[in-house]
Each structure stands twice: as C-alpha cells, then as structure tokens.
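Here the structure is laid out as structure tokens; the discussion comes afterwards.
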Amino acid sequence: MVNLGFSIGDLYFKNPVLTASGTFGNGTEFDDFFDVSRLGGILLKGTTLENREGNPYPRMAETPSGMLNSVGLQNKGIDYFESEIYPKVKNYDTNVIVNINGSYIDDYVSLAERINSLENIPAAELNISCPNVKMGGMAFGTNPVSAREVIREVRKVYRKKLIVKLSPNVTSIIEFARIAEDEGADSVSLINTLLGMAIDVSKMKPSLATITGGLSGPAVKPVALRMVWQVANAVKIPVIGMGGIMTATDALEFMLAGASAVQVGTASFIDPQASVKILEGIENFMIQKGITDIGEIVGFINRKSV
Amino acid sequence: MGKRTEDLIIIENKHLSPEFFILELSGKDNLADFRPGQFVQVRVEGSPETFLRRPISIYDVDFVKNTFKLFFQIAGKGTSVLSKLKAGDSLNLIYPLGTSFTVPEKNEKVLLVGGGVGIAPLLFLGKCMNEKGNIPDILLGFRNSERIVEVDQFREAGKVFLTTEDGSVGEKGFVTNHSLLLQTKYDKIFCCGPESMMKSVASYCRKNSIFCEVSLENLMACGFGVCLCCVADTVRGNLCSCIDGPVFNLNDLKW
Amino acid sequence: MVNLGFSIGDLYFKNPVLTASGTFGNGTEFDDFFDVSRLGGILLKGTTLENREGNPYPRMAETPSGMLNSVGLQNKGIDYFESEIYPKVKNYDTNVIVNINGSYIDDYVSLAERINSLENIPAAELNISCPNVKMGGMAFGTNPVSAREVIREVRKVYRKKLIVKLSPNVTSIIEFARIAEDEGADSVSLINTLLGMAIDVSKMKPSLATITGGLSGPAVKPVALRMVWQVANAVKIPVIGMGGIMTATDALEFMLAGASAVQVGTASFIDPQASVKILEGIENFMIQKGITDIGEIVGFINRKSV
Amino acid sequence: MGKRTEDLIIIENKHLSPEFFILELSGKDNLADFRPGQFVQVRVEGSPETFLRRPISIYDVDFVKNTFKLFFQIAGKGTSVLSKLKAGDSLNLIYPLGTSFTVPEKNEKVLLVGGGVGIAPLLFLGKCMNEKGNIPDILLGFRNSERIVEVDQFREAGKVFLTTEDGSVGEKGFVTNHSLLLQTKYDKIFCCGPESMMKSVASYCRKNSIFCEVSLENLMACGFGVCLCCVADTVRGNLCSCIDGPVFNLNDLKW
C-alpha cells in the first residue's frame, strides 16, 4: 500500500486532499454524495464573529474555464457555528478546519480564541485574502505591514495549527509567505481567488452586483501553480496548494511543484465527488509509477535537475 | 435516496420547435422522491463555454416507466449543445435538487401561471394535484403563436387558458391582465416565468391576499447549497434559491 | 455609418482594433489571410537593440482556455528591423507600432531613438512587462522606481506617441498606470501576460524549459478586464485593453470598462482573421444598438449608474 | 494560392484500428500547391481541453478528385475528438503550412524511413517521387504487429521493409538496425518519426555522409510563423519549425 499521509507540525493528515473553504459548505451538504471522512481534511466556509449577509445578487458569473464569485463571506457567525454546525461536523473522522475572517484585527483575534476552545477543530485557516469584502480580507493580505500584524496577533492567542491563506493579488507572494512563516504560522495555503471582473455586453453592465469578484477554476491554475512553486522554494513550513484543481493530474502538478497537500475548490460544484476522485487518482498514479510514499512526489521538480 | 450524481441515458430528444426541446431520460434509481418544482443540474459535455452545470426543472415524471423529462429552451451555448443530443447519449446529472411546490389539497381553488419556458415545473405540479383529485386552472403566457408548445400536455392536467403578447392566440397581453383573474377568486396561485411576470403575479396575490408560491431562476454555480451564489433576498435574509428554493412562498420574498 | 475612430493625442486610429505584440509577427505573415490595413493598428513583435535567440525549446504549453509561452523576445535586433522589416511594413495603411524592449535603461533609450527616426512608425509601445527575460522586462514593470526611470528616460528622447505596456503581476496596477501618465506617456496598454507555470505530470517535469512563462488567452480575461477598468478610472490618457479577447463581445467588454481600443493577441493563433472579425463584430453591435460613435461605448459602465 | 483558413467537409473517417484513423477531406480550392511534408492546423471543436489548433501532416492528395487525407493517431483529447468525426461533418483548417521535402530526382537511390504515426508525411513524398519515375525503398517501423497500418498504400509507392520492436513482423528492433542499411548505400534518406528514431537515423546519415531531411514535430501554437514557440535549434539559430520547417536538412540541425 502507498503512504499518503503528511503532517503540519504534529497534526497528522491521513492524505493530502482537502477541500477549499467556501466551496464545501459545512461538509454535511456532501454527505449524500460520499463519505467526507475519507478526505485528509475539510475546510469549512468562511466564518466571522457576527452574522453576515454577504453581497447583493448577482454574485456569480461564468468565465472561460472558471467563474467569478462575490459572495462576500455570507455566514451566520461564530455563535451559530458553535451551537448548530460544530455539533454536526465534530465527529467527522478527518481534520475539520475553520476558515476565519474579520474586518479588524480584533475580530480575527476574538474568533481565533473562540475556535481555539473547540476541541475537534485542530487547525484554523486565517483568511487574509478574501477579495469580496469592503473591510479586512484582501486588504490585510496585500499589505505586508498589516499582514504581519494580524498574523502576529492571532498567533498570540491561537494555540493549534495556524494556516495562513495568501492572496495571489500581489507583486511578490513570497514576501507574504515569509511573513507568515516568521510570525509562527504552521503552514500557508494558496491561492485565494484572483480579483477579476465580467461585463454582460448585451445589458451593457457588470455581471456582478459588486462589479469585481474572485476568479477561481482551471483558468487560474497556471498562476496558482507558479505561486505555489515560488512559495515552496522560499519557506520551510508545509505549503497547501490550490487553484483550479479538477483532476488528480492537476493535484499532482501542485505536489510536484512543492505542495504538501492540496485543496479542491470550484471542482466540487461541478462534481460533488471531485475531491474523493482526486484522492483515488493520486493513489493510482503512485501505484502505477511505483511510488510508495507521497513525500517523494512533493517538490520533486525542485530536487531533480529536470 | 438523497441527492445523487449519475449518468442517465437519453430515451428521446424531441424537437418541439427550433427553440424548444424535451429530453426524456431513463431513471436509474427509483424516482419516487421527485417533487414538483425540483430541478436537476446538467453537465454539458463538449462545450468550452460551459464550465458550470446548467439547472433545468423536472418537467414530467413517469413513475411506471421510471423515466422523466426536461423541457428546455435554447438560451445560449449550454442549452444549444443539449438540443443536439440524441437517444442513447448519456447525460450526467445531479438530482433531485431544491424545494418543491406545496401540493394543494383537493378542494382548494388553484391557478397555475406559467410564462414561456417557465411553464416547465408546472406540469408535474398539475399532475400531482390531479392525484389528489384537484383539477387546477392553468394560465400559460407565450410571446406569440409560434412559441406555443406543450399545451396539450397541460390540458391533461387542468383547464388551460392562453395569452400571447401579440394576441395571436388566446387573450392579448400579459398573464396578469387575463380576464380569468377578474372572474375567479383563487385560494392559491403557483407561478413560474420571467421575473417581471412573476413580480406582477406576486403583486396581484399580495393585493388580494392569495397564497402564492413562485419558482425563481437565479444564477447557480453548485445547485446544492455550498457556493452561496444563488441567493434570494428574503425576510429571513439571503437564502439560497437552490436549497431554500427555487420555490419560495411569496411571504418570504422581499418583492 | 458608425464612427469607429479614436485618437491618442493627435495620432488618429481609424478603428479601435489593434493586434498585440508577439502574436502578430511583423504583420506580413497575415497578408495571406486578410488585408492588414483594415485594422486600426498593428503592434510588431518585441524588438531589442541586438539579435536575440530567446529561450530554449519547449517554449509553449497549452492550459485551460489559455497558453503559456516563454519565447523570451526572440528577434533579430533593430538593424535587421530597419533594413529588412521596416521596408515591408511601412506602407501598410494603418498605424504600425514597434514594441521596444531592453535589459538596461540605456537599451530602451537607444532603441527609442532609432525608432523615433523611422518616419512611418508613429508610436512605440514600451514593454516593461515581459515575464520571460532574465534581465529587464517585468523587472522594470513591477518596481515603481525603475518603471518611472525607464519611462522618464525614454520620454526624453522619444517624440512620437509613447504607449507604456503594463505588467499584471503587481499588487496595484493603478500605481504603474499613474507613473506612466505622470512621466508623459501618451497611453497605457494592458495586460501583458500573467506569470504562470505548468508541469507535465507523466514526465514529472516542468512543461517549459524556463519553468515559468506568460499566461495569455481567455483564461486571463476576467483579470485583464478588472485591471483595465481600474486603470481607466484612474488615468486620463487613453487605455488600450487586452487579455483573452477572442470575439467582438470580449472586445466590447473591455471598451465598456473604459478601454479606448483593444489589442487582439493569442486569438490570432487560433484564427488568423480573428482581429478583423472582431472589428466587424463591433461594427455590427453598434448598428444593432443604434450607437453611432464608438466613444459612447468607451467607459459606458463607469458613466451610467448601472 | 497562399495559406488559407477554411471549413472543409469530411468525406470519410476511416477507423484503421482503435488508435489510427484516416480523415478524407474535400478540397475547396485547387490543391496544386500542396507539397509533401507540409501540414495543416486543425481546429478541434467541442473540446474544452483543446484551445489551440492541432498540427497534422498532409498524408495523401488526390488531385483528380480534389481531396486529401490526414492520417492520425489518438494521442490525447484533440485527436480523440477528431476520431469521432463523421462523413459530412466539417473541419476548420489553416493550410498548407510549412516547408516540404526536397523531392529527389529520378536516378537517386532513396530511402524513406518512418516510425509509427510518423509515416504520415512520407506517402505523399513517395508518390511525388513516383511521378518523377523514382521508386524509393521504404522502411517502416512499428511497435508491434497490431500497430502496423497502411502498409499496402506504401507498397504502391515503393518497396516496403518492416521492423517491429518485438519482432512480430519484419525485422526485430529499431529501424536503424535494419539489414537494409548494411546492404544498400543510399543517396538520400527522408525521415519522420519519434525523435529518438530520427536522431539515430541522423547519426547514421552523418557518419555515412548521406543527404538527410527530417520532419520535426515540435509543439506549435500558431503554425504560421508568428508565435515563435516551435523553434528548432539550428546552425542559423532558433528557427521556426512551422515555416522554416517542419522539414529540415540534417545539416541545419544541431543534432
């Protein structure tokens, strides 16, 4: 049998296929389609302290090999999460990770404290890269000073594994990955969506109510892969790669470039079983190539003179 | 059974007109859990322009043959590819999705109002009513006589009235101007069609305090409640039209 | 008849459809396919002072709705251009524009001086955004200080219309557009390619010899459109939009967002007549909508409360 | 006529094996300008994975019927979509593209060497030679007996010798090990196939000072000389294999 496991510090993941926040609901929506516990981990939808209604409709536009969304972190807030969602997800036999968001640093900190005390949430993903909110979000993730500050403050209170989710809308993503590492993050995940836009030409107006939105799907894969490769060569903490992964081959591209694990996002909209099929595909690839440990794949192109 | 994703075989793709089509699909599992107003998410293969699935209502279900139908109009690239599929081809679906109409009881006076391709979810609703012994009035609006389709099917489910925008068949003008609404006091109205039509039916229902359910056609990415793209602005905040809808009670909408 | 013309300063373009540098050869390659003089302008392939062999093969990878290239400015240098290419293109009845490149500021300046003296070249596009060269290129276009410097020095010697081509691989493209405007550029064009990467999983190695390359094609359109919209709202000089334009509808998206003109790039590889078909499509759209002047379309979504 | 882009009608799509196909296309204009070794750029419709065109050699030309053929192997998504096309479908092409083989004169002793699907451009070359009264030897290499195709066509153009990697038909091993090369001293060798095969033929020719032209299969984006993606490393620097090739004289290559 092949070994698919990897670790972030002392947190073990049984395999490297996770789901991307905001594309996997609370996991329970997938119960009809497959056994969610088979995955290495699941990232729940972006959570904030308070209830949020998100942005006005329309929030979605299809683009060539991708989509734009401007959901804007709609969620019912941490109280609701604790009382209604946590009880349902805490018994999944996989790492259940909360994606935390805020408008101010204090919001992130308070939220991190709350998540910290939830026994069955072994890690939090600090989202400083949401392009769809007026305050916070990407503003933190595209400014090195505020990025450092929010990571530092959250790190002070959050004692479990801290994953920092990076924005691709920057000149040098390496800079931000290094800041996360410096400030004690246990891992970085990338990429969040690229800021994009679409116009409905027949109506002569923007397709999204917010005009701009976040681009995801296969269209972004080459950019995401490049960034993951850059970051994997710049930091020592594990890198979680995502952006347009639809198939096992896509996932393997990210791992060959240096990602220890991947997140499957938009693909789940098109095929709810995409993540578990990707997991199976990775396993098959390893069997075919006679690779027994997934670690041999991670960063392969950086080790070999290829 | 719950939601499922499956490749289903096409039994027939009937060309009603250059614009309108009916795909009949062979069910795999039992279809007993299908409810009127629900929809399926269709994967369109072979089109670089359709990255996401396309939502289509369940038009008709044959529980004996274990088949069901989708009634659709060519709106763009996706539906145009669907229009070219042939018997024997397979189609990948996620189904059944969404909320359903509240099937009325026997002695309620009911009107079904459909406009254009929006008539789609109403046939199955009518048939479910028939099973309870209720024969609804059905008011169907079309742009013009050339676009009138499937009326005979609806006649099997209820008493059909027609309007066309140009008056070529039935009464002229929009459905809400139809004399039927002046003559009859309905207990319940169920409606699906262009948003402008649904909104005018809605305001008629509000004014006359008539129970009303509408089926929204919001843009969807996933169709099963995980992307939060398809929200409708309701009195309970933004709700997903794919799981809290597409059928909404008018009282819930901020219309 | 509809009016399709626009101007950059006193330089008139008979219509807003141009071709993107590096995707249209020297124009002459298209003579077999259509009358190149029908276009508003053509941008010739990136030129440098000296002969350049570019990067090693493989230089291309197909990606979802796009492609990566790492050509690296292969060209025969300005001497060859003057003696062999210029004589062939100078009589096109359209604006023939040279795309100028260098490793050092002096290269750009010397090249600009040479181009300045070519009578039938009414404009130059200053490429500070090529992601495929080790020196110069994108390094200028992603650093505000060096961007300013190279534009300033070229502006000193170049007396015709100067278009600055911006890199999308930055946190704020507005910053660079403003620098160009400040330093006297007559126009900005955007976007150049997004830095991306692909891996051949079966061979377990990068698809490109240079590992990273520039992403173009429909995949980048939402990002390009967003940037054009941002820039058009930030500067007063005309903006030339590009990135993934395949059809007239795509071109109109850019113009509605604020582009005065567009460049057609990768589309010409797939359909050599793409540019002229886009021109015809824009004309048809205007006729259908009863729009008589293309200026009514430019930036429409920014004027209307939509 | 020059390069052109056109929709051509498929007359036949012949399935030679699960892997190999021959598409016959009806020419629009006169095909008199087609030269052996040239190729076409095929637009693959209906596949989200094929954004760029696919280069395919001109396999055979019938100047009387004004038709021509493409011989291809399923290598991935694009060729797999091509394999499903049917008579009557249309295919958009840019053609004719690239350089051609230098057709030898009557009394030159010539060998054509092809491997796998790389035999494609050699049939037309052989036929052009026949017209000059020259009958070449033709050495074709295949992986195994199941992959042997089109040999009869080649027999019409010259004397055919076969090799298979497993020895199931013809001589065992690679083409360059064939006894023919020991027995006969050729004036010219023309070659197309996998790069490793072409390189060993090339080194044989260099050693024996034989005129040699090879047809490269570099990755292409445009196919008509504007993207500079398809370069081959030559003694004159990087040259485009779509306009300065695909046929190169060995002396020009840095092999």
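For reference, chains read A, B, C and D in written order, and residue numbers begin at 1 within each chain.
Definition applied: contacts are C-beta pairs under 8 Å (C-beta built on N, C-alpha and C of every residue); 3 or more make two chains touch, one makes a residue touch a chain.
Source: prediction; values computed, not measured.
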Neighbouring chains shared between chain B and chain C, ordered by label: A, D
Farthest chain relative to chain B (centres taken as mean CA coordinates): D
Averaged-CA centre spacing for the pair chain D and chain A, given as whole angstrom: 47
Chain centre separation (chain C, chain D; CA means) in Å: 36
For chain A paired with chain C, centre-to-centre distance based on mean C-alpha positions, whole Å: 34
Residues of chain A touching at least two other chains: 63-66, 217-218
Shared-contact residues (touching 2 or more other chains) in chain B: 48, 51
Chain contact graph, described as a line, ring, star, complete graph or other shape: ring
Contacting chain pairs - touch in the sense defined above: A-B, A-C, B-D, C-D
Interfacial residue positions of chain B with respect to chain D in the complex: 46-48, 51
Sites on chain D touched by chain C in the complex: 2-5, 43, 48-53, 94, 218-233, 237-238
Chain B-facing residues of chain A, complex: 22-25, 29-33, 45, 51, 53-54, 56-67, 69, 71, 74, 217-218, 266, 268-273
Residues of chain A defined as touching chain C within the complex: 63-66, 68, 142, 169-171, 194-199, 201, 204-206, 211-212, 215, 217-223, 225-226, 229, 244, 249, 252-253, 256-257, 285, 300-301, 304, 306
